[in-house]
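Please see the structure below; I have some questions.
Order as written gives the chain letters A, B, C and D; numbering starts at 1 within each chain.
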């Protein structure tokens, strides 16, 4: 299990290859890669800053992954989330789940993303032509997280 | 949309980066990477050969992707499937779906994999210590595909 | 009418050929008539085209069923359940 | 008893501080008592700690509720709904 919160970018191909190499019986890896959009709520986005709660972030992510590991048979999990200054098109987050069962890999990956979106202490502030603004939480993310209860 | 059937390996990081660059408003990419297992039904696997029906394969994959695009709002899709001789740990298939909505990307990616597993004309023959054997289709794959009807 | 037959995977191996041309009586037929004609050859055709073996049929590269129509010049592929991915 | 308070994102900006130490009466309390005490400061505290604003509380780096117990030395973080991923 690899959980990292970092300012620097990450190498998706390298992360998935390492996950595959460490789980030779997994058969498959489901993953989600989140990116900084070029527009948000109709405004162009020039960039964003990702703030977090350092003492809590890792603990929150570990707890989410532990919940996933208790619900599904997983071989290994990678979660990498960036913080700090990001540009449009930049990678923000990678969640990758190796499992012997395709359906479990998909479910666990989506679960981790849904929980991360609603429980992990990250906050986005966007720079737009109209100035800076904090991104508002979405009701659709709350609804996605509630499905798993 | 990129659909390829090929003998050579592919670069997962490069494929996802190209997909992201071409869909700057997508926000996220759900993907599945299928790998050759080191063991299958309890036997060590020394390697496998993937046979296909060249005149039909691409058409079948295009049809599956078109069905996904009709069901969900997708920005772009990549499907790459290898054929020929493969070793344990080798990449077999990559399905990657870019969408503005995380849930739609996950659903479409899983749908494409479930349909590919049951409708695309590929057949695996494994080499094990006991000799060569054709891989048998799994009832769990049929069940996964039926969920989408 | 004539159709081109293609076999894949274990069927190709057990039938001992990847491809053949088959003459069917009349100017149109259904897949079921083609399967019946092949079954009359005996084993291994009867084994893999039995009602309890889950063989698949594609007509002109599209998955088809026993009632699907055939016409002269069609390409008919017969194969076991697929196992890609 | 004393607790360490941390604020994040828009709350940090609007409260004008990232961190403060707060004295609460007695040797134990609930999160609700802490929130009430902060609300008595007036705006912007009343705005972001209102019942119709979805602020979140974590006690010692774990998500908590209004009834969660507090003790001397706890780290209490108050923040808006998260928006990572």
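Keep this in mind: a residue touches a chain if its C-beta (ideal position, glycine included) is under 8 Å from a C-beta of that chain, and two chains touch if they have at least 3 such contacts.
Predicted, not measured: the structure shown is a model, and the values here were computed from it.
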Item checked: Partner chains shared by chain A and chain C (touch criterion as defined above) -> B
Notebook entry, point to check: Roughly how far is chain A from chain B, going centre to centre by Cα mean, in whole Å?
Noted result: 23
Notebook entry, point to check: Using the average of all C-alpha atoms in each chain as its centre, how far is it in Å between chain A and chain D?
Noted result: 26
Checklist line | Averaged-CA centre spacing for the pair chain D and chain C, given as whole angstrom | finding: 71
Item checked: Length of the line joining the C-alpha centres of chain B and chain D, rounded to whole Å -> 48
Check: Counting only residues that touch at least 2 other chains, which ones in chain B make the list?
Finding: 34, 113, 117
Margin query: On the basis of the stated criterion, which chains touch which? Give every pair.
Written below: A-B, A-D, B-C
Item checked: Of chain B, residues touching chain C in the complex -> 34, 50-53, 55-56, 59-60, 81, 92-93, 113, 116-125, 134-137
Item checked: Interface residues, chain C side, partner chain B - complex -> 6, 8-10, 54, 58, 61-63, 75, 77, 79-85
Checklist line | List of chain B residues in touch with chain A within their complex | finding: 11-14, 16-17, 20-21, 24-35, 37-39, 88-89, 91, 101-103, 105-106, 109-110, 113, 117, 140, 144
